[in-house]
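Presented sequentially are two complexes of subunit A, the first with subunit B as partner and the second with subunit C.
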Partner chain A sequence: MFIEYTWLVPLVPVLCFVAIGFLGKKMPEGGGPLAVFGALFACVLSVLISYEFFTSSAYADPGYVTAQITWFSIGSFDINIGYYIDSLSCLVMMFASFISTLIFVYSIGYMHGEGAKKRRYYAQVSLFLTGMLGLAISSNFLEMFVFWEAMGLCSYLLIGFWGFDHPKGDDATDVAASAAKKAFLVTRLGDVCLMGGMFVLLYEFGSLDYAAVFDASAMAAVDPSMIMLGSLLIFGGVIGKSAQFPLLDWLPDAMAGPTTVSALIHAATMVKAGVFLVARCFPLFTQNPEVMLFVGVIGGITAFFAATMALNNMNIKKVLAYSTLSQLGYMFLALGAGGYMMALGMQTHDHHLMAIGAIGYTAGCLHMVNHAFFKALLFLGSGSVIHSTGTEDMREMGGLHGKMKITSITMLIGSLSIAGFPFFSGFWSKELVLETVMHAGDYGAEGYLFTIMWILAIVTAFMTAFYMFRMWFMTFKGKPGHGTEHCHGESPKSMTVPLIILAPFAAALGAILLFGFDEYVTIGINHVGEFQLGSGHGHGLEGWLEDIFMSIYTYLTIALVLAAIGIAYFMYSKMSVDPGKLNKNGSSMIYRALSNRWWFPQLYDQIGWKLGNGVARGVEFVDTQVVDGTVNALSSAVAGSGDSIGKMQTGNMRDYAAVVMFGIVSLFAVMLVLFYFMGGA
Partner chain B sequence: MMMFDGSIVTTIFGEFTPLAPMIVLILGALVMPAVFFASKRRSAVAATAIAVILVSVFFNILMMVDGYQGGYADLFAYDAFSGVMILLFQIVVFVTALVSVSSSETTRMHYGAFNSLLLSASVGMMFVATASDLITIFLGIELASITSYVLVAMKRSDPRAAEAAVKYVIIGGLSTALTLYGLSMLYGVAGTTNISDIAAALSTQDFSWAFGIAMITMIAGFGFKIAAVPFHMWAPDVYEGAATPVSMFLGTGSKKVGFVALFKVFLVIFAAASSTAAFATEEMQYIFAIIAAITMTVGNVVAISQNNIKRMLAYSSIAQAGYILIVMAVMSEYALASGMFHMFTHVFMKGGAFLIVGALITVGIGEKISDYQGLLKRAPFLAIAMTLFLFSLAGIPPLAGFTSKLFLFSSAIYDGGVMTQWIWLAFVAVLNSAISLYYYTRVVKAMLIEKGPSTERIKVPHTFTAAIVFCLVFVVLLGVFPQLIMDFCADAASVLFGG
Partner chain C sequence: MIPIEVYLIFAAVLFAIGAYGVAVKSNTIVVLMCIELMLNAANINFIVFSAFTTDVLGQVFVIMSISVAAAEVAVGIAILLNAYKIKNTIEADSLTSMRW
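Up next, the complex of A and B:
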């Protein structure tokens, strides 16, 4: 009875967007409460839909509910619009709307002083949420793409929110503007790939509906190399959206927007869309082990590189941004490794291998949910700190624990969780990720790549614990800095209450999901040979505990995490070890490489701006000068009156006419060549 | 509602029914100067012009809905294809007439003549759409061209306009000569000027070089109209120099005349002649594919380095012509329907963008992209509308430009469930639309995010606002319900392919 009304989930937030956009000025707080209502409505409805779906017979077989109507036709193909509900969409819908609700509540306090701009803010975040919810329930690739782009557009507007008169002056305005543009263009580069992938699928399957594309017999009928091409192109879109290597540069710059926007982008929406898409396309991607290998390796490399960049950054938001990249890398690593084993298992009909591979899927999805909660908590916490100290530089903070108890303790919980401290949320999913990757190393000819990724992932786990606690100690312990003196105590209730609500989720949700609800986030092949989510066979409490604690490597990671926290404590809280000694006070090569993000931004500038603009100018030059020049020179050679002054006076008329004739001659030449090669007349 | 069916048109116009929409406009064009001399008020002239256009639209829609078909003296034939294209030209001229009344760039002294010329130009365009003979096609093109030269020159205050007009005349004259040369060669080959007779005559004979020359010179002649590379160089100068409503008229309307002529001559001939293996259809398709690829690439790449927004829109217009040329490469019924649909969406999105430029020039804002800084603060509606138009041009869902590009590019990928050999062209086109986003985003960034020197509110004339809203509604509506016009386009395409 609720599933039929699934379309209301994205519709209500979009109506809020319209209402706030037009009438926001007259509403209290620029329409903030209405935005909260929209998100809350979506959240409640999502829970009801999920409950109905999980208790329905469709959940057991075929594992999804879909309904759609024809939107329009492309030639002989119908493009539909509708919803597709399975455990993955339920999961994403619930966490995205729940976290967004809290972020919107928090915004009421955080954005209180923004005046008339609040209307724009609340309208845009509502639309942003619509994008994510619409994406989650879409029933086909094109519908998904529409919401995908809507989200891209909103992120562009929100990152550039401070565009006019940034509170920190004109330089910051420019930074915000170019960060927004960068985010938009880089993700758009990925979108071009995604669109290409959709064309491939539409051509091969004759439909873009999930139900038709993921059908086992349909996939078997299609040339595997075309599926590979389609999958890789789709993953290209994911790389852009989820800021994976080598398109990872935009996300740290996106910190130029308000902190709540960062929380929204990093925790609930936007970058999670990429993970969602890979999980959604799991049946398609697993047709080729090479695709999953690629996904895993990209994830592993991103996890490692992003973590290194966070090691020495002084900006509290940027540290969190890099950690998002790194954690997203973990998710792709898990999905890639699991999918790789599953693909190999499908080729050899090895059911045991497929079962191990399925754990990778569970690990990736669980990490996505856990990350949503602890990252939302951390970003909102950092927002609370920035709100009261007025700075983002951690060197100006320190010793805030006494002044901001609630923020401090909730952020500590978030840090413990993301660092993978035993028994916190992040610990469980991260252990599963690492374990899957380690297993994947044992199979197939290219499996050794996963062994390398596993080593990188272990090192990343160490670095994660280090930089998170470096951040926490630098902010809340150690010597009080310049900003601490400005601090006027704890933030208002609307900001601390969301923190208090998020903290228990960040601490315990991982364990609850894994031990109580793991059956809903599994994937497997059902009795008719189709992929099915949530087949109903969880490992159960004992199974997971045995998996995790019987492995010696679990204790290795725990030891590394504890060591990293210890080192951070001695360096930044007790100050008994001087970090300056390690990096020669910031002059060592590696320190500079990290500060410059391994010179990625410069590389992009060279490629994008210099090359792109250079080519444009070059083409224009050729277009207006060289072609004319050649023609001119030829004609003047023939006419014998190449008078340059005359040319100046007649403007470029003669050139234009000459180009037309030149074009006709070229067309004839092309025609002759074509006839010669194609054997025409 | 009995009286509102097609028969009312037949009752009034008798044997001239196929020309009904044009006749109304011709009458309007004749009375325009008189209205101006009698009233001395621009608004009276504009009101009359709009009334005339609306009557013409009314007749045309009646005929379209009624499925009217008929010819006049073997020279003109009204069918579903003509109906749709006439509708497109009517929309263009309606919007142009609506805004030129309050634009500061259009003439004040000769406003009657201006409207008269505008209506005549659109009549020329509609003649091409109904023509069934080479002579009438040529006649229509010339009527549209010669009046456009004058329209460009009518912005007396700006020396750029005079220069642009001279360039336009000379290059236009060259292309006229080429077109005529091609048409006469074609007559020489086929022995008739009636298009369907030509198609019938050619299907019985082999390819000849005379026919090849005819094709190439006609491509050059029509290529001038649609501003295909390398016949495009006049376009940026003329769009920049002309009054913005006129630039819009040329960019959205006049450009389409070239396409209509291309469709009429080439598609009809090739559809009839494709049965003859020796007819070299495929070679011609390759020539069009190459022109399409070069046109979209040059247009998009050069647009990146433009700082004047009218020049940027001109180059983006060139690129859009490249997309539409995909139709000529693929030559399938579905591609033609998609191409026609893209021509409609192009009218709304490119027209809308030009309208905003024109509205801002009228209130004293420059043509440089940097002049648009901080527009969101000064004119929120215009800034948001412009953003939507530009994003639609770039092909961002769910706006009209996305849907039409999706149709167009997918038509290059498969035809009747079989992959065509033009998939590389679709690939070039997709890459090109990614490039185009770069320069559109520059404008959006200036408007929405950068800080402007002034925050004073801007008020633009109401007619501009009305025209912009009109375009905006369709940019959104056609993105979500493409079937609204796509169905008409599909009917029109099947008529042209003899289905």
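Up next, the complex of A and C:
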């Protein structure tokens, strides 16, 4: 009843995009309310679709509903367009549209002073939401890729929103424009990989439909090494989109855009697309344990490196950007570790191992949802702070708690959640992630890599708690700075209300999802040997509590988190410990490494200059010398010979007559000679 | 009876004279006349072979050839007249504008 209308979910926001794009100037607030309506419509419809799907018989078997029409055909390949609803699409659809609705409402307050540019902003964010929703319901890889690219385009446009006329002057304009370019080009690098992966799949499976590719018998018939190649290429696209190591550097730069855009990119859309794709391709990726090992290791390294970079950053938004990278790393680590165990379990037909592996999937997906809520809350909160203080530098904040109580308390909730403070959302999913990774270390020949990743992840959990509370204490406690004096009190209602709505979700959603709905976020092999999302057996409240609290390592993490919060308190709130002593007032090697982002930008530049320039020079040489040379030589040879032969055309009739006669005489001579020698008549 | 070789040598000499004229003469009227010479050399060959093989087909061919030659001369003279109107000369060396 509602599922048939799934196509409306991305269609309504895209219609809003068109309407705002053309008519936004005449609408109130540049079309903001229409954008909110589009997102809200998508949200309500997503909830209805999800409810209908979860109560339908298709949910139990085969676990998805799909319908499609032929888009175009090339030879024997049919490319379809349609929708594919399973528990993962429902999950992504619901949280993306819900959070986007709140962000759009918040934007009305935050972007109020932007004047005519608001039309552009609301049109683009509507398209951005379309991209994410379309991605979630796509029924095949090519359709997914179209929406994937739409998001890439919107991220470029929105990060560079102030690129033409930045409120903070020309330098900031340059920064915004180059950040937008960087985001576009870096993600483009991944997209090329993703395209390559799609070609591999199309070649091997003859179809790009999820239902056809994830079919167990189809996967069994295909050469595993080709599946591995396809999976790795697809993951290359994910690395670009979700800003994983080594393509992680665009996301911190993307902070040049408006804060609401950052919230949108980090919480609801864009970077979550990568996590979604890995979860979506779980059946494919688990065909090879090595692929999942790679996913997990990339995630673990990203989680660790990004967290270190957040430790000493002074920009409130950049700290949050690094924390996003780090949390995304957690998600990939969980998916990788879970998938690794699942893949090993499938090879050895070990159902116990597969069940443990499935927890990794659950952990990754739950962390994705939890992260969406607390990161949206944190970004919107930081936006509220920036809005009222006029600065992003945390050294100029401080002591804001008294002036902005709502922002302060909601951000505290978000920080507690992301730090993994016990019983907040982030705690549950993070514990599951850590537990999965720890288990993965016990299996397989390369399992020890996961043990290393587990240690990194625990250190990351400590660092996360530290930098999040460093941020909170520096902003809301401690000595007031210039920005605090400039602060004119709490932000308008349209900004605080979304914060107040998001706060309980960020605090409690993790527990509700884990204890009440865990069976919807599982993956397993059903009775016909196919992968199936959802309708697994939930562990239930006691199962999970036992899982989490029977492990001694849980208490280790809790202790580390509490210690980190304590250190942050003494350093930045009570000021009894001077952080300057630890880093020799910013001159120690490691401090400089961190503030230079481990020299990643320089590395990119070096690669760009040395490699890119070298390749370009080589290509230029081939182009100007070899290609052009061949063509020029050919043409001048033709022209030259034509010129010289043309001289024979004297126009003098007697010359022609002489030539003709000479020809005839020679012909006769040749024939005579031939007759003479061949003995003809 | 005069042997056939005499006729053939006569025709060959006639043809050679015509060919020489076409190649070296600059007056186009003379060139046209030389072409007629070559044509008639061929006609003589036709008649000679016809007479020596008692096959009349050769003579029929000559009648045909003479009528075509008359038409050809008419066309040639017409072209030369027009060329003379434009160029004021019919010297072959000056009629060289139809080239690259």
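Keep in mind that, in the parts below, the second predicted complex is superposed on the first by the 609 of 681 C-alpha atoms of A that agree within 3 Å, B and C clash if a C-alpha of one lies under 4 Å from a C-alpha of the other, contacts with A are read in each partner's own complex, and residues count from 1 in each chain.
Basically, a residue touches a chain if its C-beta (ideal position, glycine included) is under 8 Å from a C-beta of that chain, and two chains touch if they have at least 3 such contacts.
All figures in this text were calculated on a predicted structure; none of them were measured in a lab.
Asks: In the overlay, answer first, second, both or neither for which of subunit B and subunit C A:V192 touches.
Replies: The answer is first: A:V192 touches subunit B but not subunit C.
Asks: Of the two partners subunit B and subunit C, which one touches more residues belonging to subunit A?
Replies: B
Asks: Touching A:Y555, do we find subunit B (first), subunit C (second), both, or neither?
Replies: neither
Asks: Touching A:A657, do we find subunit B (first), subunit C (second), both, or neither?
Replies: both
Asks: Give one of first, second, both or neither to describe whether A:L202 is in contact with subunit B, with subunit C, with both, or with none.
Replies: Touch partner of A:L202: subunit B, not subunit C.
Asks: I'd like to know which partner A:L674 touches here: subunit B for first, subunit C for second, both or neither.
Replies: In the superposition, A:L674 touches subunit B alone.
Asks: Touch test for A:Y51: subunit B only (first), subunit C only (second), both, or neither?
Replies: Once the two structures are laid over each other on A, A:Y51 reaches no partner at all.
Asks: Enumerate the residues of subunit A that count as touching subunit B in its complex and touching subunit C in the other.
Replies: 651-653, 657
Asks: For a test of understanding, state which residues of subunit A touch subunit B in their complex under the given definition.
Replies: 72-76, 142, 145-146, 149-150, 153, 157, 160, 163-165, 170, 173, 176-177, 180-181, 184-185, 188-189, 192, 195-196, 199, 202-203, 206, 612-613, 615-617, 619-620, 623-624, 627, 651-653, 655-657, 659-660, 662-664, 666-668, 670-671, 674-675, 678, 680-681
Asks: Give every residue of subunit A touching subunit C within the complex, in rising order.
Replies: So the residues of subunit A touching subunit C come out as 646, 649-654, 657-658, 661.
Asks: In the complex of these two chains, what residues of subunit C are touching subunit A?
Replies: 19, 22-26, 28, 31, 92-93, 95-100
Asks: Mind listing the subunit B positions that touch subunit A in their complex?
Replies: 163, 166-167, 170-171, 174-175, 178, 206-209, 212, 216-217, 219-220, 223-224, 229-231, 233-234, 278, 280, 282-283, 286-287, 290-291, 298, 301-305, 334, 374, 376-377, 391, 396-398, 403, 406-407, 409-411, 413-417, 419, 426-427, 430-431, 433-434, 437-438, 441, 445, 448-451, 481-483, 486
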